[in-house]
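Note that subunit A is present in both complexes that follow, paired respectively with subunit B and with subunit C.
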Partner chain A sequence: MKRNFKYITGVLLVISLIAFVRCQSSNQGGALGGDVAQKVYVAPGEHDEFYALVSGGFSGQLAVYGLPSGRLFRVVPVFSVDAEKAYGFNEETKPMLNTSHGFIPWDDAHHPDISQTNGELDGRWVFINGNNTPRIARISLSTFETEEIIELPNSAGNHSSSFVTENTEYVVAGTRFSVPVPQQDISIEEYKGKFKGAMSFIKVDQETGHMDLSFQIMMPGFNYDLAHPGRGKSHGWMFFSTYNTEEANSLLEVNASQNDKDFIAAINWKKAEELIAAGEFTTMPSEYAHNIYDESTHTATSTIKKEVRVIDPSKHPGLVYFLPTPKSPHGCDVDPTGEYIIGSGKLAAALTAHSFTNMLDAIKNEKFDGEAYGIPILNYDDIVAGVVQQAGLGPLHTEFDGKGNAYTTFFISSEVVKWKLGTWEVLDRQPTYYSVGHLMIPGGNSRKPFGKYVLAMNKITKDRYLPTGPELTQSAQLYDISGEKMELLLDFPTVGEPHYAAGIPADLIKPRQTKIYKLEDNQHPFVARSEKETKVVREGNEVHIYMTTIRSHFAPDNIEGIKVGDKVYFHVTNLEQDYDVPHGISMIGAQTSELLIMPGQTETFIWEPKKVGVWPFYCTDFCSALHQEMQGYVRVSPKGSNVPLKWTLDGE
Partner chain B sequence: MKKSKLLMIVGALLLLGLFFLPLWNITLEAPQYPDAIGMDIYIDRFEDANPNDIKNINIMNHYVGMEDIPETIPEFSIFPKVILGMVALGVVFGFIGSRKLYTTWFVIMIILGSIGMYDFYQWEYDYGHNLKETAAIKFTTPDGEPMAYQPPLIGSKMILNFKAISMPRIGAYMMFLGMGLSLAASFQHKKENGNDKAPKPDAAGRPAVV
Partner chain C sequence: MKRILNTLFLLLMGTLVICACSSGSETQGGEVTTTATSHPKGQASVEDDVSDKNILQVAAGSDIHTTLVAAVQAAEIEHVLVNAGPLTVFAPVNDAFDALPVGTVENLLKPENKADLAVILTRHAAPGSFDEEGLRREARKGRKIYMATGDYLEVKVEGDEIWVAGAKVIGTIQTSNGIINVVDKVILPSN
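What follows is the complex of A and B.
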């Protein structure tokens, strides 16, 4: 018995020793893991180093994250209505979503691009394209509000957009689908030759940011996939990748994948400017909406424009050249020096880098290899600078770290590959989870990248997170690229489908922030700048309530004399002038969203009461200690009643 | 000009700083106000330390029933006149160049300053104690008395979740310096003239041999 006990004790001792050793070794693993965790840990109250402005894809919005933490701060409503922020619901922002097809509550937002000065990020605005009903939006990086949306005529599937030139002279947008220009009732089989691809050059006012569709270059009926501007030595040129140079109009997955090479179109927009100045264009009747949100009236207006200037490249030698590029190139990226134009043949295993210097040489010596619709095709061998061989499967997009390295995503093989510009050798590869699309290095498509992190954006997540039924989140993954090898740091879910993103050091954005709107600058036609200015005005069956909010009451908060059948406008001004004190308001039975009103702002919702009674409204944003007391009543009388119009606060 | 006269005149003129620089400041600090909010007190007005601060102090304080910080108070019409009077008096005294007058000016300043501080205390007391009956939030002290929200006369103290700091500002420091200079003028005068009771210089201006 005693021996047995000793024996058992001995065995237990050995087991616990083993357990101890194992524990020790797993602790070491934990310590290594902790090192990675530290790199993305932003302590409570501390700020992230970078902003990441990540497109929401089919959500139509733009999400604002911090890097390296991956924390989500805000979703900026751009092309889709957003009930939370009343975007597209309140009377002030409804015009933002107007188009030549009428009010459109949704779009597919793809490629954000931050404004630049001298080829470097300047933090003024971010532009983003709406794919489906072609539009370009401009978002202020002081207010993080969408300030302007311009529709693009003659365009369809606005995908090779929205990319800014080196000094934000233009934001450039290319059509993905070619369409009949002008639109007409013809057979789809007449595609070849009849369909055109419009490349839009939108001039940007440097003071206000206001956009103006300056001209369109009417290209052959290919699909224009992505674009990037020349920079440095290639400033003045814009590069677009194409597919479907076969000009197929059905079963494109097969019929548009037959040519061994498609093109990158190089457009000399400085030349286009000269043509415009010389009157070498035609003015085409057209119809497109231009919507501007005015910060002083807190209100958007929509104007329908009626014409556009069009340049036919076949008539103007020197305006456009085609650079043959293998296998339906998707990404079209220009390195920080402006010398290399990288085409990612998405059906190939290799990447092609064209040399801008070689291109100019070939043009100078007129070494052309035929033409397409009057546009010269350069000889592939004359212009290619190098090929990254066997880098992966299905290359899509490339960004640059400013240290001579490039990073390319491969959709089919789900990886990010680091390679060297000039030697074209592969340096490193890291898996993504899964099916990566774009990637982003802050400033990675400018003259001055901030090459510390790369963010890869994935289409598919499968088993990566807690499952949520059939529909799963998309994701972004953050890699540290400061060393020789990339290191996966973080994996976080995203809003909608992250197509592309734009990153920028926080220090370029933080000092620009608008904290409040000044009440004295509020020029809204229905503003009440103080409680003394509040009133209720009846005009026939329309009733306008000039209401104010301040912690913690509405003025007025008792309203009588409203009748069934009235159209009641709540024009609500937030009198607060303190940072981060919005108020909300919502009325029972109002067939719209709440309002969420920033300090100094006026917003309007409409309520059409259908039932007699006394109906409450209340503040929807927890604003203060007496938020729950922030409420009011409207008395609704039957149609034709003669209850007088009366409005009070605390009986006065 | 004699150094003592200069000291007195410059000292008196330093008070002019009060016409464009703040005399006093009250600042409120709390975690949810990362940029503290505050009010600068001039001899003729209250001013926001940062835009909208007074409005935001009023919004906060109305919950406990405090009155708004007034647009103006009677003192604002009196202070500038008194200060201007003291500047004039100091300059005249300086030109006259009498040590007694320098001392007199200093003493008047001390008296006026004390009255000013007492007045300020009274205003603060009233501001912190005169609470509306209908206040939404009524706090009491541990012994059951209604809580008061009087800011400190000088220095800092915790009022609920706020740290209230009350301190002189550059205008006041210039005034203190001015008063100091009037004292210095006094001493300088003594140095320049020796003891008042000492023998006067002779007719030729030679100092008397003591």
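What follows is the complex of A and C.
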């Protein structure tokens, strides 16, 4: 009997132990553990803590996600047409994509950066660069619409962009490719000395956000890769990483990797402002588009500008200095205090941190190590503050948590590495899946980061998701960085290439939201503010339909007297004054997208009917219980017919 | 006896370990429940001080519709009146409810009569937008208004006056999600 008891006791102990061990393992199961799932779980109806504004890279758009959930809320069309929202399709937004090369329906969107006041995120606007046909866009964080796009002359591959200074005085944009300035028909072999790199400083109106290309600093013909503004003590300076200081024009993967060190260019933009004020610039003939969307007319206009002010740094000592930095630096990141400028040499084994204080000392004592095109080169040993040794392979980008730590991505070794500012010691490393590019800590490019999460953005996913043919989703991965060690919480698929991101606490954005457009403020030239104002007007072969929508009908919904060969403008005003009640409209055979019209807004599409008959149109956005009844007909008669123009609703 | 006690103790220990292990998910379940009950009125809980007022908000701000609003709340159909619609509500004034036989309203407001009350109120709501002009058009064309309960109500126009199923329309209000036609009678089933 006693033996039995011992046996039972033993069995029970084993059961208890198993239960305990299982329990332990479920709590430490990394991304599989229940506690990890809870950290990213946002219950139905609850809101995320942060917005993540993630560029779509080659999609040309900006995607809006919530963190920590990774849920996608909206894709804001910026540089590419978007049929879903009629962006670039309706008559109102077509001018947004105008350039000096004409209408360009696509671009490569890279580096979103949120406006700041006193070095802290303020949630007014987010700026983003288009690389291919150089442009900078401004997106309102009240409407989540692209409100403005400015083209950049003398630039090509607009990559070291669009970074804002501490009070959003400027959005700064540097060229990646140097080009002949002004453009001319010369041999590519004449690259050295004749090609230039333009650094553009775009002034931002603090009331309206409107951008104005204030001046360009015309730099030597290197490649300018990334940039960040000084802050705090280094406010007034802008730092750009360079590669191809070899000035190669072919097989750059070899020929631009010859120099042991390239440069970080330090530009004193306060000095540049003084030069502009003193008239120390040349005005250069140029051609670039400036497109503004007006919220009261719901319409964009495009203006071609004809000149730009240019400063030659070789003629103005004190404006630019070169900081030698190992091996083709990509990231050029400034810590929250403004003291350290981190260069991530793509091909270097170590990360380099320059000291702003040391830089100023070296400048003061004129400790130069030669010059390039008249620009002084500082001595590496005089300015370097520290080196993070053996951190990883292929460093790209560093962000900061505001607690003295830095986080750097390494493309080749596929990892995020946490290290300490000042001691330069590596504290932790976590793998990414796979080949990480940029990373983001909300507020990471400001004096006040919100160091709770880091988002790593991956280029390659291979086996990480359900496969979808040869093209796979790219991804973002969320790590908790609130503890000593990073913890992988989540990975989620993204729109396009998640190239770069800016994050901000949701509380800074939510109170600013536009819910509806007031009908009485609608100044669209073809608005109909009530059904009484609806009409159809013929001007030669152009027909303008002033149409309204309200649940659940169009007014008018029967139109006759349209003829083959007419150009029919549907100007549709959404009379709703209720949050989240847009209406859509589409017409059979219209060679464009639908319209998606917000409450109080007017939008226009053109229909050029080619066939005789009676053709329907309908509401494309499920608006109400009688959405399916929201439709109408247009009668199209042969060219030259005498059917009179007539428009009705319910036969009246 | 001691043996049994020991066994019980060990069983208890085992149970405690298992309980400790599962407490996390219980907490999670608790959070879900809390969230689900934080919006008991559906869309009626949405806070929005920018859009035009919806039918429920307009009625709630009207001194002559306190009985109607109390009835809507008792029937728990607030979410219907804030729905995307389109919706037209014939809203009886307080005097209209007072004119019902003594005790009718009090009786309907009792929890056990919630379903009956909901039907009576829903008979005052029509899918569609019928403002004054819309009502005149219905009369002119001899159409009846289809109500959410399936009833058809007749519209009559006599000079400046519009009558719906015997109730006189004494005002029309455009709201963000439809139309309120203020009426002087409660519209009861014709049978």
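Here is the rule we use: the second predicted complex is superposed on the first by the 620 of 652 C-alpha atoms of A that agree within 3 Å, B and C clash if a C-alpha of one lies under 4 Å from a C-alpha of the other, contacts with A are read in each partner's own complex, and residues count from 1 in each chain.
Going forward, a contact is a pair of C-beta atoms (placed from the backbone, for glycine too) under 8 Å apart; a residue touches a chain by one contact, two chains touch by 3 or more.
On a predicted model such as this, the values are computed, not experimentally measured, just so you know.
> When the two structures are overlaid on chain A, which partner does A:Arg551 contact: first (subunit B), second (subunit C), both, or neither?
The answer is both, since A:Arg551 touches subunit B and subunit C.
> Name the contact category of A:Leu626: first (subunit B only), second (subunit C only), both, or neither.
After superposition on chain A, A:Leu626 lies in contact with both partners, subunit B and subunit C.
> Which partner, subunit B or subunit C, is in contact with more residues of subunit A?
C
> Looking at A:Ser641, would you say it contacts subunit B, subunit C, both, or neither? Reply first, second, both or neither.
In the superposition, A:Ser641 contacts neither subunit B nor subunit C.
> Once the shared chain is lined up, is A:Asn541 touching subunit B (first), subunit C (second), both, or neither of them?
Neither partner.
> Contact-wise, after the overlay, does A:Gln577 reach subunit B, subunit C, both or neither (first, second, both, neither)?
Both: A:Gln577 reaches subunit B and subunit C.
> Both subunit B and subunit C touch subunit A; at which residues?
Shared contact residues on subunit A (touching subunit B in one complex, subunit C in the other): 516, 550-551, 576-579, 624-626.
> Help me check something: in the complex, which residues belonging to subunit C touch subunit A?
Subunit C residues touching subunit A: 3, 6-7, 10-11, 13-14, 17-18, 20-21, 24-25, 28, 31-32, 35-36, 38-39, 48, 50-52, 54, 83-86, 127-129, 137, 176-178.
> If you look only at subunit B, which of its residues touch subunit A in the complex?
35, 51-52, 55-56, 59, 63, 136-137
> Flag every residue of subunit A that touches subunit B in the complex, lowest number first.
Within the complex, subunit A touches subunit B at residues 516, 550-551, 576-579, 624-626, 629.
> Name, in rising order, each residue of subunit A that touches subunit C in their complex.
Listed in rising order, the residues are 1, 5, 8-9, 12-13, 15-16, 19-20, 22-23, 26-27, 34-35, 38, 41, 43-46, 515-516, 550-553, 576-579, 581, 599, 623-626, 650, 652.
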